[in-house]
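Next come two complexes built around chain A: one with chain B, the other with chain C.
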Partner chain A sequence: MWETVSAAVIGTSHRDLNGVCQDRCAVLCTQQGDRQWLAMFVADGAGSAPMAEVGAELAVTAALSFVESLMGRVEFGLSDNLAVELVKDVRSSIYLEASRSGHSARDYACTFLGLLSSELGTLAFQVGDGGIVIDSGDSMFVAIKPMSGIYANMTHFVTEEDAIDHLVCEFFPNIAQRAAVFSDGIQRLAINMDSNTPHEPFFSSFFDVLATIKPEKRNQLQGALESFLDSDQVNERTDDDKALALAVLRV
Partner chain B sequence: MSESEDFDQIRFACNDFAMNAEPRCPCLLLLDVSGSMNGKPIDELNAGLDQFRDELAGDSLAMRRVEVGIVTFGPIETVTPFTAAAAFSAPHLQARGDTPMGAAILQGLEMLEARKAEYKANGVPFYRPWVFLITDGAPTDEWKRAADKIREGEDGKKFAFFAVGVEGARMDILQELSVREPLKLYGLRFRELFQWLSASMKSVSQSALGTEVKLTSPAGWASV
Partner chain C sequence: MPIEVVTGKGQSLTLGRELGRGGEGSVFEIVGSKSHVAKVYHQIPDAAKQNKLVEMTRGVDDRLLRYTAWPQDLVFAKNGGHIIGFVMGSASGLTPLHEIYSPAHRKQEHPDWGWDFLVFVARNLAAAFAVLHNHGHVLGDVNQGNAFAGGDSRVVLIDCDSYQTSAGGRTHLCEVGVPHYTPPELQTLKSFASAHRTPNHDNFGLAVLIFHLLFGGRHPFAGVPLANGVGDTLEDNIRHHRYAYASNASARQIAPPPNSIPMSLVPSAMREMFERAFTEVGSQGNRPSAKEWVDALDQLRRNLKQCSKGPIHQFSAHLQSCPWCSLEQQSIVYFIALGAVGSNFALISIQDVWNAINQIPVPPDPALPLKPTIEIKAKPRPSSLVLPGAKVLGYMVLAVVVVGALMVAPKVAALWIMLGIGGWAGLANWGDDALRTERRARLTVKQAADGQYNTLVAQFRRECGSDAFVAKLKELTSLKSEFDGLPQRETQEIQKLQSTNEARQKARYLERFFIDKAGLPGIGPVKLASLRSFGIETAADVEWNRIIRLKGFGEVLTRTLVDWRKQQERGFKYNPALGVTENDRRNVRATIHGRKIEIEAKLKAGLQYLRRFNETRRQSIANHMPRLQEAFNKKAQADADFNVL
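Then we have the complex of A and B:
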């Protein structure tokens, strides 16, 4: 089973502006029969979209329900198709809410990143910026090349008409021993941008704690991650919202 | 909550290396603070260091990438262990003592090697370090070993060593110490020197790792 923790914390610029954190994240450890599954999701609401935090929340919630229903299936493949199916569910959930409340889907604009892993392998997928780092036993790597729009400060959102065209998927044949999914607020700290490699010391400080945590201390993890994400040392480096989901496989 | 319970709290803590994935650009200053530097020269050197700090502070990339270390001689003292430019405050140096330049170079280069080992251990890439020696005299100790180390380091591209002679410096000895041509400071133009140094550090810190940066001419403050 994986030891997990996740948290989303408002950035200093948003705190000053409107006090709303537009990042969301979730981790789920679940089972399909005897097989254990890890699911991790992060959505980063667009600063320019008025309902962005609702969009991010809907995205993560829809993804979790997708995984829960997936566990009822006898068989499914870890493929691009599965990621497309999941992202379509995320989109329907947002489009439904938009039409129900008289908004446009664009008002809910958010990025979306996901990871599914079991002994069958690991599927990573994302629309927009943010990052996914995986260690399947040999070394830590960035699962998907960072993406941006035509301009440096432009990204893609799961709410766009052609979101599926911007969905990038990667399949890895091994189970994720250690994994992290995070929004772009963390990207600058966690990735060596020149070489597109994970900055290992950053992740090690979290993975080491998760790998050795005692059961009675688990309830402290979330608070500890929130404190870290809201610490001066993080806020000095980024004023953006930041979401970070982490998992370490323990045998 | 008792102190021991508090100590047991789960914390996610990151050191500076874990928090900053930027490649580092170390700059080691070996500064002569012997008695002969007393008065105007040491004042101007201090003003130069202040300027150095301010110029680095004005460049956000340099702030994240440049690290400064300072060893003074005589006597030999590590005034500033390698420190991120963001946390660097210029020391106020006082002139006294003799000129144990040879031993100071060796100590500085050891400090540099130790820092490089830390970069490696923490997975932080780094640029070729710069070592900058400034003196107004001649070594009062044995300096041949230091010269060998400098030659070795330059040959192995382990660092770039620059020697600057202030009025009164034994340029002939600097010539033997340094593989690169030593520079002769005009008067007490320490501020111009440090302006040039910070501009050079900025160029290096903006360059791709492993590429040679073309240096601007030091003509504003020194002659070769």
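Then we have the complex of A and C:
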């Protein structure tokens, strides 16, 4: 079973502006028969989109319900096609809501990152910026090369017409011993952008806590993560919203 | 698990595999029979339905069996008295109609079926309806799924137990219908449960199916809306008679979809039949009957011809040129011409034609009128004008008077000189106003005559001059040089196949995914008919901007289609080892060969045109000359009239 924690915290620039955090994240430990599964999702609403936080919320919710129905299946493979199916569900959910409320899907623009892991392996996939870090026992690595749009400071959103084209998906044959999924708000703190490698001390401090936490202290985890994400130490480096989901496999 | 049943004739049957399952019942194989199958209802039919089946099996005859899967015998459970189903002819090996009229399905699955085949299927479909109507039955629930056809164009109608049947004065209604085959007058019905259907209602659905077959799977009511609130659904368009191909379609606020096949594909009499079937007169009970369609389609199938691309390019003989070739010029391919001819260019014969063209001298421009054919007498000066001599006399008198006065009274010489100058000036202007007015009037006449003449000369030169000859020669010269370049173009295009290999491979791959087989949420039969009407049938046709423009397809459905396409696209792996195929090369050769034949024909026709040029223009010159001479005469007269002043 994985020890998990996740939190999304508003950035200083948004706090001053409208007080709405547009990042969403979720982490779920579940079971298909007697097989354990880990699911982690992050969505980062676009600052320019009027309903971005709704989009991010819908994305994460749709992804969780996809995983729920997946657990009911007798068999499925960790494939590119599975990631496409999941992202299609996310998109469908946002498009339906947009149409229902008389908006365009682009009003809900958000990025989307996900990770599914079990003893069968680990599937990481993302549309837009943000990052996924995995450690399957040997070392920590960035699962997907950071992506951006054709211009600097431009990213892709899961709501775009051709989002499926921008979906990048990687499969790793091992279970994720330790994993982190995060939005671009903390990308700079978490990844050495030059070498595209994880900033190990940043993650180790979290992973060590999760690996050793006592059951009675579990309920303090989220609060601690939230205060860290809202600390001066973090806010000095970024004024953006930030979401971080973490998981450590405990035997 | 085999099921044992008994037929109405007391025969025991063993039912084998389930061949198909519908809402009402399942169709089973009959063990030991290839030609027959049995339909068994999920629930024992009610008394009315049992009666209907009994009457249907009683009323069956050879003509019905030729065109329909009519119930031939009842099926009872082995141990009970209830009717649980019936025996009917098998439709195995036949193709559902929508896979015949769908260009994408047909091109991939039956590339040898040309338009002639579609005309035959349409004819036999109409014949099937005619037989039904003749027996007093009405199909009712006409749709793309209840007609099948064989490779021999034989048509079989299925689902007969749902038809509206009549026997012995009793009618059993058809309680279902499919919206985009339902005529305008029934579109407002909430339910078909108590609707009495007529052959005229059927004839709407029949005309839609015939339209599908002849016009590349398009739906007659799917088009580009020309006003707001128009064309949101096919049903709405049907209800308001918005027949997109009507002769007055724009008044109906709709236009045919882009790149659709023009109605001129069929003879005007048949165009008029479609018009009757799909507009108000039809809803008033006057749609063409199934029998009328049989006759018209018989007429059409006897008057087909093919173009130089071979037997796959079949078209109605009333057309001058091949409609499939002209659609191919716009990159719209309905029928793939196979069996192309090799690239041995018969240069010699065309070189002869070319030499002959060059030997014809450029004719000189035809002569214009040289002199007037009437006697030209200038109009005399108006009598009110002062004669030139009178003025001279006046000057002389003035000179004498002034000189005399100077001699008589030299003291006031200055006065005489001033009076003299004044008199001189007065004399100089004497009569000038009248002259100027007359001159202006004659100039206007002269200018009008000049203009008239010049216009006629320009027209004459255009129609009879050598310009037309020179233009034709220029056109032929450019065709000849294109012709000479064809072998090189063929080589280049075959080389280019290599660089476009991946894109072509991908397109082929995507074409294998049919939208009508994908079961996409929200894309039901009506949406499929709309998509097909805009030429969108496979994953290869799906593009965001193409779909979002269609009425009734918002972001939600567009996303469904686009995501589905992109999902298939992700499954594509380019295989460089699957290089350029012989088929690819053959397609290039076929295109070039087609162009070669086209140019040959144009050069030959061009030679005839140039040869006959002098002859044809002689008549034309003769037609023009009287008017030209008359204008010349008028001009000469006006010139003379003006010059005299």
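Rule of thumb we're sticking to: the second predicted complex is superposed on the first by the 251 of 251 C-alpha atoms of A that agree within 3 Å, B and C clash if a C-alpha of one lies under 4 Å from a C-alpha of the other, contacts with A are read in each partner's own complex, and residues count from 1 in each chain.
What we mean here is this: contacts are C-beta pairs under 8 Å (C-beta built on N, C-alpha and C of every residue); 3 or more make two chains touch, one makes a residue touch a chain.
Since we're looking at a predicted model, the values are computed, not measured.
Visitor: With both complexes superposed on chain A, which partner does A:K217 reach: first (chain B), second (chain C), both or neither?
Guide: After superposition on chain A, A:K217 lies in contact with chain B alone.
Visitor: Touch check for A:N81: first (chain B), second (chain C), both, or neither?
Guide: The second partner, chain C, only.
Visitor: Who wins on chain A residues touched, chain B or chain C?
Guide: Of chain B and chain C, more residues of chain A lie in contact with B.
Visitor: Kindly classify A:I191 by the partners it touches after superposition: chain B alone (first), chain C alone (second), both, or neither?
Guide: A:I191: touches chain B, not chain C.
Visitor: One more residue to check, A:D34. First (chain B), second (chain C), both or neither?
Guide: A:D34 sits against neither chain B nor chain C.
Visitor: In the overlaid three-chain picture, which partner chain does A:D162 touch, first (chain B) or second (chain C), both, or neither?
Guide: It touches chain C, and chain B stays clear.
Visitor: Who does A:E119 touch here: chain B (first), chain C (second), both, or neither?
Guide: So A:E119 meets neither chain B nor chain C here.
Visitor: With both complexes superposed on chain A, which partner does A:F202 reach: first (chain B), second (chain C), both or neither?
Guide: Touch status of A:F202: first partner only.
Visitor: Show which residues of chain A lie in contact with chain B when the two form their complex.
Guide: So the residues of chain A in touch with chain B come to 188-195, 199-202, 204-206, 209, 213, 217, 220-221, 224-225, 227-228, 233-234, 237.
Visitor: Over in the complex, which chain A residues touch chain C? Could you list them?
Guide: Of all residues in chain A, those touching chain C are 80-81, 84-85, 88, 91-92, 95-96, 98-99, 104-105, 161-165.
Visitor: Okay, in this complex, where on chain B does chain A touch?
Guide: So the residues of chain B in touch with chain A come to 8-15, 17-21, 23, 122-125, 208-209.
Visitor: Would you tell me which residues of chain C are touching chain A in their complex?
Guide: 544, 554-556, 558-560, 562-563, 566-567, 569-571
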